[in-house]
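Next, two complexes with chain A in common: one pairs it with chain B, the other with chain C.
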Partner chain A sequence: MYGFEAMTFNIHGGYLEAIVRGYRSGLLTAADYNNLCQCETLEDIKMHLSATEYGPYLQNEPSPLHTTTIVEKCTLKLVDEYKHMLCQATEPLSTFLEYITYGHMIDNVVLIVTGTLHERDVQELLEKCHPLGMFESIASLAVAQNMRELYRLVLVDTPLAPYFSECITSEDLDDMNIEIMRNTLYKAYLEDFYQFCKKLGGATAEIMCDLLAFEADRRAVNITINSIGTELTRDDRRKLYSNFGLLYPYGHEELAVCEDFDQVRAVLEKYPPYQSIFSKLSYGESQMLDKAFYEEEVKRLCLAFEQQFHYAVFFAYIRLREQEIRNLMWVSECVAQNQKSRVHDSVVFIF
Partner chain B sequence: MTTTSSWSRALTQISPYTFASIGIAISIGVSVLGAAWGIYITGSSLIGAAIKAPRITSKNLISVIFCEAVAIYGVIVAIILQTKLESVPSSQINEPESLRAGYAIFASGIIVGFANLVCGLCVGIIGSSCALSDAQNSSLFVKILVIEIFGSALGLFGVIVSIIMSSQATWPAKSG
Partner chain C sequence: MRFCNELPAMDFLRSEKMSFVQLIIPVESAHRAITYLGELGLVQFRDLNDDKSPFQRTFVNQVKRCGEMSRKLRYFSDQINKANLAILPRPTLQPDVHLEELEVQLGEHEAELLEMNANSEKLQQTYNELLEFKLVLQKAGGFLVSAQNHAAPSERELDENVYTAEDDEGNLSLLEQPELSKKDGLRFISGIICKANALRFERMLFRATRGNMFFHHAPAGEHVMDPISGEMVEKTVFVVFFSGEQAKTKIVRICDSFGANCYPVPEDMNKQKQISREVLSRLSELETTLNAGIHHRNKALSSIGCQLWRWTMMVKKEKAVYDTLNKLNFDVTKKCLVGEGWCPAFAKPQIKDSLQRATIDSNSQLGIIFHVMDATESPPTYFRTNRFTHAFQEIVDAYGVARYMEANPSVYSVITFPFLFAVMFGDWGHGICLLFAALFLILRERKLESQKLGSFMEMAFGGRYVILLMALFSIYCGLIYNEFFSVPYHIFGSSAYKCRDPSCSDTHTAGLIKYREPYKFGVDPSWRGSRSELPFLNSLKMKMSILFGVTQMNLGIMLSYFDAKFHGNSLDIRYQFVPQMIFLNSLFGYLALLIVLKWCTGSKADLYHVMIYMFLSPLENLGDNQLFWGQKTLQRFQGRTYGILRTSDAELDVELDSAQEHYNDFNFSEVFVHQMIHSIEFVLGAVSNTASYLRLWALSLAHSELSTVFYEKILLLAWGYKSIIIRLVGLAVFAFATAFILLMMETLSAFLHALRLHWVEFMNKFYHGDGYKFKPFSFTSLANEEE
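On to the complex of A and B.
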């Protein structure tokens, strides 16, 4: 019932929506980033962060700080907030919040499987997993030898199970297979999330479908660029694109046959929203594309806060926080390695 | 008209007291519904937003008071309307003047009830946005408060019209 959510949304969602907007006001601002960029050591960064909402999390860290500690603690804050919201949420918001973590689950599964393939220690891999994407039996992923076992032993009990239907094969796992599995899973996940949001209706559907369509398009472009020059056939590449988004279906047909970056660019420049992204990049330059896409995403996520009475603010908040953690990671890496001149290369200002 | 069974007969034969009482009940009941609806919309947002910005609580109680005022309009009109109820001898109960009085009270009740229902909703939704935006930027509070005052005035229109209308409710003189 579009336009009438305002009347009933607050029964279940009003309190949490207000909370998430409160959390949003705690995001670092451009002034904070400017201060952080001036820092000489990780101690300085800690000092600057202690004035922000990260303060209590970094307070008791012993002195030789590492970049990983900072990132870990900042992620911990996000996880705490997420868990708090999940506790308070009722249907369908709780399902919506759970959907947000499935992406991390897929990444964690891929991380563990790839790690085991290269004979890394499972415990070490588990520490690297994103805490939002953890599930109970994740450690036993290491024993699986092929996709079928992976599914049967572990993933059948997780929410990811339905997404596996398209990629169960008895082939042994190798790097190529795993990457295809990741993208197939992600495709199924995005399509499922898209359908779920559409079912919710109203402003949630309107805004979320837009954000997910952008996500799907970005993945399509990344898949295309990463698969240039590999043995992935055109049809296989085409199969990895999600079946929605601005590029679907004609853009996908064109992307599937692209053979270098400039062809990808030519395809995307036909779509006005993406034209602005590419106008910032000079020809043949694909490294800055990630940053350009992140900037566009942040812009769109911030716009989600302009409307009230919908669920997209939860998605937008968690995504913005993740971007902020990426920024902090980059800034602290630059500071730790004395590369301060490169600090602005990858930081995406949120406000 | 008196012999056929039809809507017009039903509307003239039903006691005007029935309509008058339903009108009074609607005036207060639906007004309170609107006020309560508005208060929970505002209240749930206000509580959530106050966690990170406790300074907004006392200022934003104004939004709750605006919603409450809507219920008070309903109470006032219900009291005015019930003073208009007078007893007439049963022989005169179906006279046109009695019917007019009954319908006038009924209509007053409906006017004030539904005007206050939508007014309460309107104030509640604006109040919720007001709390959220005040938490982000305190200079927005006064600006949104102005919008809220205009929303709150809508309920007053209903009250004015219904009071004028209820003054039409005169019952036949007892002597007749």
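On to the complex of A and C.
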């Protein structure tokens, strides 16, 4: 029922939309970041954060603080909020909310599998996992030796199972395999999420498809840049791109054959929305690309809040909060390592 | 005019006079001075470092230290709660410790507690492991025995391989997984796992071994404490039979990842018994150790606990002092702190006195300079209240805090609020119930004040004096309405009416006749149940509501006059107050006059007719509707006053033009539009507000009808039966209906309607309510903030 969400949306989604908009107003402001950037020690950061919504999460931390504690506690807040929303949600919003976490699940699976490959302790690895992407049998991932086992033992019970259909091989796991697996999974996940949003229809489909297309394009660019100079063939590379987005299909053909950063740039500059990102970067400079993409993403996520009666606000909120936590981590790292001049390198302001 | 000027100063009506003061405090006496001011609690400091973030301020380190200390204190209270210790804060005779000493003390206590916790945690873990081992031995031993009985002899041969190997190692370590024999054969791993995970565990084992295993499990029966959350968890004991080396590594890994603890169980019965004996003896040993540890810890905690409240208060005060100090500015020489803030004018001597004491106590060479300054912003509003007026002031503040020096409606609300409530709740039986409730709250004031009450109780307790007055007025109005749980009583003599004939058969059809002087006070009891009861009471209550309404609205407009006069605003008097008075009184004031005249003269004039035709055909003869001599002339004169109102509105524009020169930021069109809206609103409001007062009639009618229904349809109906059970049930239902519907819900609804009549109908005539409250820096408010 396109265009008629206003009539029925609030029956199930109204309460949670209000909640999420309330959460959103708790995001740190530019003034907060300015103050944070002036902090001298992690204590100062804690003190400043105690005046914000992070206060209750940090107030009981004993004094010698570490960056990890700050990040952990801030993530805990996000997780609490997410869980609260998930508890209150009804279909199809609850499925939508669950979809948001699948990305983290993929990352966690990859983290654990890579970790066990390098013989790290499972408990230690579990601590590093993103709490949003946890699932019950995650610890038993360490048992698996190859992808087929991985699938058969553990992942068949998780929502990730359908995404695995493309990458079941009996090959032993190695770094390259795992990375390809991550990207294949991610591709399948994004496509599935895209289809799901499309099925929801209305403003949700409109905004979410836009956001997911951006995500897919960004991944395509990252895959291309990261695979330059590796043994990944062009066809394999081409297979990792998601089958939607602004770059699909012609951009993908061109990206697949790129051999250096400037070629990637040449491809993307043909697309007006990405032109502005590259216009800020000087030639041959690929380090700042991540930040430029993040900035663009934040801008788009903020725009999602301009419309009402759709689910994209939940996605946008969680992404914005994650960006905020990344910012906090960067600021705290800079403060902890006395590199305050580099604070602004990676902080993406959310307005 | 002269009369008005000679009125006594209306102090109660106005908020306290405030002064903007500056304090220049030498650094050495700053802390003490602020502490003394906090004890006094009459200064509101202004934040002079608004642009600075919290950690850039002067006393940030002290604030941080206080934060750290309060974290430790929270940790202690957490620990005390976890240990389920009930500790009353005892007043100790120890002198006040210094903050630095306290910090050291807290640090020591924390370290001590942490160490004890670590020790007991280790012990607890060992204890848990042993307990789990015991459970595994009990249950898994059982499986093995039954398995052996059913096993074929050939398989038993294989089994023996396993436990012969275990025999060597079982003695070495009880808690470590012994290396199983390298030989092939059927082996087993036994262990214990959370019940919640058991199913998934089994499934995982099945998948990992491709079904080549046998899983046996049984509930452990005893709950085991989870070391992380400290909760008791249900566990399941399991035994997995499998074969092959690869399967073993897989199973061990799965056990690891599921957090299942594996314990070896020898299959030999004697061996098992021996080990269980050992385990049991070690368990009892550990238990005594653990208990001793817990006892020791509880002792330490309770010694902390009885000081905890005092320490918390001290740290809170200290933190508040530093927070306030952070609001002050350093002067150029860096030797003095400069603070600005508001204080009530009457408090100046007290403040000076405290500052003097602070100077002397801190042996400072320099005194503290305290002087009054001019302020640009408007001062905060501060009303001094006592426990009686506090609740009424809260009711008004809930609508909006009065502007500085604005007329305070709560002065009148103290009486008008309970009175209007009672008009709607008039029943002296219910009033007495309410009175008992209020008296209960007031007499136990001391006790209840210190307690923590539920949200509803807290509300009732806060408004106990409001309830008291409401109850008293309800009794009064109830006596006028002559209703006691809806039953009329002959209190003030006998009725003025009697039946037409001795049999009294036609009371409800033909009515009664009046034979003597009217009933002395209130409504004659004979009206109850008569044919004309409702028309009579409705007419009475409706007219009464309009009279109250017109009176209260007039009071509101009068207050706007006093406000305008107080602020020297002659424009408001001439072009707002006077037209408003004329408008309201020539329409509804006149109606009120007609009502009173009609009551006094007993005339049969139709007031609707008079009011309507006053506008439609003012020149027509009044005929029967004439109430007094010259009525027609008066009504025509009123028509003319409306004409005057029109011109005065126009004059307003002229007057405002001349006023333009006085104010720089005067915006004519804004004021014009504002006045337009205001006058339209007033004209419409006068009609709707008067109609709104009819709720007094409606609610009082509803209340009396509802209580009549309960009385007649429940109590009297039940009483009609001879059976005592039905009577008791009827009485119970009546009591509950009275208590919950009439006493609680009706009270609430009448309260809300009275609230509305005050907030909307009364206060919109004069009240701006856009001020801000005076929030002094005070330690007493700090203590109340206890969460």
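Throughout what follows, the second predicted complex is superposed on the first by the 351 of 351 C-alpha atoms of A that agree within 3 Å, B and C clash if a C-alpha of one lies under 4 Å from a C-alpha of the other, contacts with A are read in each partner's own complex, and residues count from 1 in each chain.
In this text, a residue touches a chain if its C-beta (ideal position, glycine included) is under 8 Å from a C-beta of that chain, and two chains touch if they have at least 3 such contacts.
Everything quoted here is computed from the prediction, not taken from an experiment.
Of the two partner chains, neither chain B nor chain C is touched by A:Leu86. Chain A has more of its residues touched by C than by the other of chain B and chain C.
Contacts of A:Ile228 after superposition on the shared chain: neither chain B nor chain C is touched.
In the superposition on chain A, contact of A:Gly22 is made with chain B only, not with chain C. In the superposed model, A:Leu153 lies in contact with chain C only, and not with chain B.
In the overlay built on the shared chain, the residue A:Leu281 is in contact with neither chain B nor chain C.
By the touch criterion defined above, A:Ala139 lies against chain C but remains apart from chain B after alignment on the C-alpha atoms of chain A. Note for the complex: chain A touches chain B at residues 6-7, 10-11, 14-19, 21-23, 25-26, 308.
By the touch criterion stated above, chain B contacts chain A in their complex at residues 37, 40-41, 44-49, 51-53, 121, 125, 128-129, 131-132, 135-136. Of all residues in chain A, only 35, 38-40, 43-44, 47-48, 50-51, 59-63, 122, 136-137, 139-143, 152-154, 157 touch chain C in the complex they form. By the touch criterion stated above, chain C contacts chain A in their complex at residues 53-56, 60, 63-64, 67-68, 71, 74-75, 200, 204, 207-208, 250, 253-254, 256-259.
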